[in-house]
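The same subunit A turns up in both complexes below, where it pairs with subunit B and then with subunit C.
Let's turn to the complex of A and B:
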């Protein structure tokens, strides 16, 4: 004997179908499929980027660049002169680094990077930007009150240390070169690179910890 | 309030949702193919973020990516992807998901 159970049937119905994506996921799927059909972008290009920036490209690249700038004065000079060119020595050129400027921390200066307009960031050397970098709060406050923002990141600066805030644009992005920590004399490049953090290369960390 | 990174926290996926990564991948690809410029993207994204802020949207990752999606949709209109086409295609994908049994590939 059969009976009708609407609730049970509904549950079965939902189970039998593929998981329904969220509203924004459907919007993206619509846009993506139309753009591919019109030949505006290739599926492979999108897939490659997603794989690269979800898994592979990260701040280790920037850390290698910084470590070399500590061990090789001629490279440091090239980096400060034209960072976009200098990173080509590592093969790191690519997304949004055509115009990259490296800025160095010194005992009396500290550099902090922001994009007040949106979220411009040197993806090819630092990977995907952290969530806070894209937040409205950081974009507004890093310029208005950098010292306070840095305090929240546990960076306490003496009043005599000058802070430079660099506002990234679509045309020009920044990489902070932190100071080489004491006690690392004679270290090889890879070991030095392991000390360099993403936040230090944005400027929301100053002193690197020797581990 | 910001906070320093927790060195003990394991690195998670850099995107909370796959659609978020697709937006940035598409924007990058369309810039590279010359459909709009890096500057166009920055300004469209900046305007969408400002609008979200003005509308009182919460300062979250979701808000950021919804703004990025709006920016990409509006820039795509200049490349011939009209709002009505997007809307029809979205409905079509929704229907495709509804009619496809779980575990099967979803096709239009």
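Let's turn to the complex of A and C:
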């Protein structure tokens, strides 16, 4: 059982940081070796998990969800009503998605997602978050100055477009539904999904490029 | 707690590295896998986060993200008695699980990922104090332990835009209590938070104990 004593955890952190080798790669190796030797996890499981997050779980999942929301109005309604349930239709549920909420961009609103207190992110539907999403600079600035942050991502918003910044402070997670680009009428779901980027689903891209 | 993690609205941070990928180093991938596959049965996600919040502020600010996770995973296992400090620093296991964990192939890890979908809802016996459209104000007092009301949103007025029913209350979870409170999404104007005349808003998911009627 945990001690539930924050000060004790702080002391353990200081002791470990002072006494373990300073290279993070060696620290992770020490944890991995000990966990495997103690029989708590198999090496193969770690290898396969790494492979899964590089081959199978990533923003393509979210892109498929967005594309379906453009082509199937009934699905879009279910997604906006309860995204955590709606993504189960694809089998995409997993880490941090039970309380997923979809927020839609419109001609006069833009949505941007951040977690200022840690780095909450809907991993199972978007894959691992980009390093910038976890960075102090993004976490500090996204809530206070979203327009300047968006400029750094080459997104220039007119003054009359209202930005909603979603700070993921509880167990809800957010997925931005970008607007469907013009010139894609009649496209199949897979072709539409190929236009949807990870950044668009976080809100650091607004207009999708038709390729 | 007013720890090094509470970064929202802090000044002085430079440009965002907009091209940074999800992982730069192999050890980051392996730490992510370790965090999700080595069981840590005796705690809560809230106390896990509180461990990181209790890191020395200089260490928090300078260690890479998954290096903080690594230290935190070890610290929590030592705290729970799953690892000894001697095992961690000496590298020699003093005890072994018998039988050892079965290896998982792709089907197994995909199933584990789906099974990790966690429901935080709690059925509440009390009625919600607020309803959609209500004006509320957040508390303005620092909390010594874990809380999910960021400092930048303390003491400000906002509007309830969603009620999510009862959810496990993070502040209690960090003390090992399994207790729900009504959870709301509260919208704050940029004018209210930052004093700037812009149409933008910031929306936070906040539990009822953080809020008073405005």
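Note that the second predicted complex is superposed on the first by the 156 of 211 C-alpha atoms of A that agree within 3 Å, B and C clash if a C-alpha of one lies under 4 Å from a C-alpha of the other, contacts with A are read in each partner's own complex, and residues count from 1 in each chain.
Just so we're on the same page, a residue touches a chain if its C-beta (ideal position, glycine included) is under 8 Å from a C-beta of that chain, and two chains touch if they have at least 3 such contacts.
Just so you know, these numbers come straight off a predicted model, no measurement behind them.
In the superposition on chain A, A:46 makes contact with both subunit B and subunit C.
When both complexes are overlaid on chain A, the residue A:93 reaches subunit C alone and has no touch with subunit B.
Of the two partner chains, subunit B is the only one that A:197 touches; subunit C does not reach it.
In the superposition on chain A, contact is made by A:32 with both subunit B and subunit C. By the touch criterion defined above, A:205 reaches subunit B but does not reach subunit C.
Contacts of A:137 after superposition: both subunit B and subunit C are touched. Judged by the document's definition of touching, subunit A residues 15-17, 19-20, 24-25, 27-35, 38, 40-42, 45-46, 49-50, 53-54, 95, 117-119, 127-128, 131-132, 134-139, 149, 152-153, 169-171, 204 lie at the interface with subunit B and also at the interface with subunit C. In the complex of the two chains, the subunit C residues touching subunit A come out as 1, 5-11, 13-18, 20-27, 29-34, 36-39, 42-44, 47, 49-56, 59, 61, 63-67, 70-76, 78-80, 83, 85, 87-89, 91, 93, 95-106, 108-110, 113-114, 116-121, 145-146, 148-150, 152-153, 164, 167-168, 170, 174-176, 183, 185, 187, 193-194, 198-207. Considering their complex, residues 1-10, 12-17, 19-20, 24-25, 27-35, 37-46, 48-54, 56-57, 91, 93-95, 97-99, 114, 116-119, 124, 127-132, 134-141, 143-144, 146-147, 149, 152-153, 159-160, 162-172, 204 of subunit A touch subunit C. The touching residues of subunit B, when paired with subunit A in their complex, are 1-5, 13-15, 17-19, 21-26, 28-30, 32-33, 35, 37-39, 41-43, 45-46, 49, 53, 59, 61, 64-66, 69, 72-73, 76, 79-81, 85-87, 89-90, 92-94, 97-104, 106, 108. Those residues of subunit A lying in contact with subunit B across their complex are 15-22, 24-35, 38, 40-42, 45-47, 49-50, 53-54, 58, 95-96, 117-120, 127-128, 131-132, 134-139, 149, 152-154, 169-171, 197-199, 204-205.
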